[in-house]
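See the structures that follow.
Heads up, the next two complexes both have subunit A, just with different partners, subunit B and then subunit C.
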Partner chain A sequence: MQMEILAQYFPLFQEAAVLTVKLGLAGIALALLIGVICAAVQHFQVPVLRRIAAIYVEVSRNTPLLVQLFFIYYGLPKIGIPTNPYLCGVVGLAFLGGSYMAEAFRSGLEAVPVIQTESAESLGMNRAQTMRYIIFPQALSVSVPALIANIIFLLKETSVFSAVSIMDLMFTAKDLIGMHYNTTESLFLLVIFYLMILLPVSIAGSILERRLRYAGFGA
Partner chain B sequence: MAFLEAEQLFKTFHTANGDVEALKGVSFSVKKGQIYGVIGLSGAGKSTLVRCINLLERPDKGRILLEDHDMTALTDAELRKERQSIGMIFQHFNLLMQRNVLDNVCLPMEIAGISKKDARKKALEYLEAVGLANKAHAFPVQLSGGQKQRVAIARVLAGKPKLILCDEATSALDPETTGTILHLLQEINKKHQITMVVITHEMRVIEELCDEVAVLESGRIVESGLVSKVFNDPQSEAAKRLLLVRQTQDILKGTGE
Partner chain C sequence: MPALGLEVLFKGINFQRLLLGLWTALSISLISVALSIPLGILMGILMTKKNPILRAVLRVYLDFIRIMPQLVLLFIVFFGTTSAFGWNISGELASVIVFTLWGTAEMGDLVRGALISIPKHQYESSEALGFSSAQTFLYVVLPQTVRRLIPLSINLITRMIKTTSLVLMIGVVEVLKVAQQIIEANRMSSPNAAFGVYLTVFVLYFLACWPISLLARRLEVRWQ
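So, the complex of A and B:
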């Protein structure tokens, strides 16, 4: 492994990492939003919408991201919706992540026992107050480990973005390998950059999990 | 004049396995300042009955009169207001894990519109009253079962209740802790003249705490009256069976020692 090549490639990977993180965060933010909506719709059994949410969750979870990206990238322009690679990446990631986030939120909501609601009502709280002060905080602390796992999973999934010509980390590595055959240096930097993005997320996640003490109810 | 009156309560649950008639015409009345016990084996309808009093469950038929006001006729907003003066204590305490003891007691006061500062001051007074002022900043996980139940009692007291409902309040506690919680409830009843309805399957709770008792079996009250009378001279089969359960336990305890 040659040091000068690493130094030469470093800025390119840096640029790609910034793009990867930006697109990843945008997709994750959208996925969280979709997740909250789907979980709420299913938890409160909103007619019609809950069926749509259930179908979406199954389609999204049971198709690969690569297929979803191709579908968006090549399919949408055919029916007249213009798209670009970045939008395609973000939407694809949100489409995939939304279902995982929905399931994480839903398991949290379902984990809060009915007696917590009764207890809140017996203290004179209305539905909104019960949700805000009693159900939601407890549901969230149950969901946190799953949400963090999903965030890490989605950040890793950004590595298929290169398939729709987004110049992310994976694209950069493949490109450099193709041009100069410096395979070792490129792959080394690729691993290092993914670790630099994901390790802080993992560590912050475990600290958060410990702080939330999500282990019990009705204590 | 009766303080609390239940008139012909009926409640049927429609489940996937068919209808379950939980209450089949239950009536009783409680005088002001009294501790009224309802005893029965599991499945007798006790939990449903106590939830009908503050309308966590709405009875299919019948009325609940609290100080001559019909609870079943209240609007949702009126009912929520009324519930703030009806405290409820549960078997598993139902404290919020993420909040410390003080904040657990403050929450219902803040919801009722009391300022944070006043709520804290009052909460500390009530924690003092249940003997837990030194645990104000502890989290529920750091407390024993008995201490958690004391927090729940302080939280109920903070609502200045005129009626307290106890749903198996001591069933998750060991015998010694049960004794101290019963003693605390009695003290609260004497000091503040708060009426209580106590639901339990333990005879000891009725004996040590209650003035009057009703025996509930399969959704009906089969016997009621002064505790001394019902327990010394049981008329119904259900009451006799409860006594037998207790005697057996006593004998087993005797041979164990």
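So, the complex of A and C:
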């Protein structure tokens, strides 16, 4: 491994890492939004919408992101829906992540015993208050481990973005390997940069998880 | 309404070629699963052992494999071994190696989770009944662990199938690659083929994974 090559490549990877994180965060934020909506629709059994949410969750969970991206990026423009790589990456990640987030929120909501709602009612709380002060905080604390796992999963999934010509970490590594054959240096930096992105999230996640374990009921 | 490009699929043996491509991806995942399950069981059992060195090694292995995107692992094995050792391994072999390493880590963690979830009193009760440790494992621990594990390992199969779509990126000719070839070959006659063909690939993946997920969910509910 040659030091000067590492130094030369470092800024390229840095740029790519920033792009990866930006797109990843945008996708994750959208996925959380979709997740909350789908979970709410399914939990409150909104007619019609709940069927749509259920179908969406099945389709999104049972297809790979790479195939979803190919369809969005190469397929949709053919029927007149324009797209660009970045938008496609974010939308694809949100489409995939939305269902995982929905399942996480839903299992949280389902874990709150009915007695909690009944007790809140008997204390004279209305539905909004019950949701805001009783159900949501408890559901969230149950969902957190799954949500963190999903965030890490989605950050990892951003690695396929290079397939739709987004210049992310994988793209940069593959490009450099192809151009200069400095495979060892490129792969080393690739691993280092993914560790720099993913390790802090993973460590912060497990700290948060440990703290939240006390928030649960009776556990 | 522009043409959707579905007609391309019925030209010649295009649809069969797509299915064959899907089979390439599926067979890589099935071979990897078949290797991962026994190796993962072994790893899970080793992870419950008290030996600190063994534990540390397995922990590092598990954490590294889990935190790295699978595509990075594919690159390391496919490009890295070539430059480091001068090996010239095929994309298929590299994929099987990576997915087996990954599957073993995931399966190992599932097995470990299932093993430590057996309450201590189960061991104590069987000891009180005069079971030897082999008997305890065979008649008490194993049946309970397997029940917990089967739905989870079936889920692992669908995750494996979805992840094998990545082998495209190291040059294995699988369903997406075949789709690209079909679209390229028909660029002039059906310029909109990308929509229909990629939609078909999407549906094919869904049809491959969905029944397996349903089965896993049903078993999970039934054996809870």
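The criterion applied here is as follows: the second predicted complex is superposed on the first by the 214 of 219 C-alpha atoms of A that agree within 3 Å, B and C clash if a C-alpha of one lies under 4 Å from a C-alpha of the other, contacts with A are read in each partner's own complex, and residues count from 1 in each chain.
Following the convention adopted for this analysis, contacts are C-beta pairs under 8 Å (C-beta built on N, C-alpha and C of every residue); 3 or more make two chains touch, one makes a residue touch a chain.
Keep in mind it's a predicted model, so treat the numbers as computed, not measured.
Contact with neither subunit B nor subunit C is seen for A:11 once the two complexes are overlaid on the shared chain. In the superposition on chain A, A:141 makes contact with subunit B only, not with subunit C. Of the two partner chains, subunit C is the only one that A:194 touches; subunit B does not reach it.
Shared-chain residue A:78: touches subunit C; no touch with subunit B. Within the superposed three-chain arrangement, the count of touched residues of subunit A is higher for C, of the candidates subunit B and subunit C.
When the shared chain is aligned, no partner comes close enough to touch A:47: not subunit B, not subunit C.
Contacts of A:202 after superposition: subunit C is touched, whereas subunit B is not reached.
Across the two superposed structures, the residue set of subunit A contacted by subunit B and also by subunit C is empty.
Residue ranges on subunit B touching subunit A, taken from their complex, read 51, 54, 56, 76, 80-84, 86-88, 90, 92-98, 107-108, 111-112, 139-141, 143, 148, 155, 159, 165.
Within the complex formed with subunit C, the residues of subunit A that make contact are 58-59, 61-64, 66-68, 70-71, 74-80, 152, 156-160, 162-163, 170, 173-174, 177, 181, 183-184, 187, 190-191, 194-195, 198-199, 202.
Those residues of subunit A whose C-beta lies close enough to touch subunit B in the complex are 115-116, 118-119, 121-126, 129, 133-134, 137-138, 141, 212-213, 215-219. In the complex of the two chains, the subunit C residues touching subunit A come out as 2, 4-5, 67-72, 75-76, 79-80, 82-84, 158, 162-163, 165-166, 168-169, 176, 179, 183, 191-199, 201-202, 205-206, 209-210, 213.
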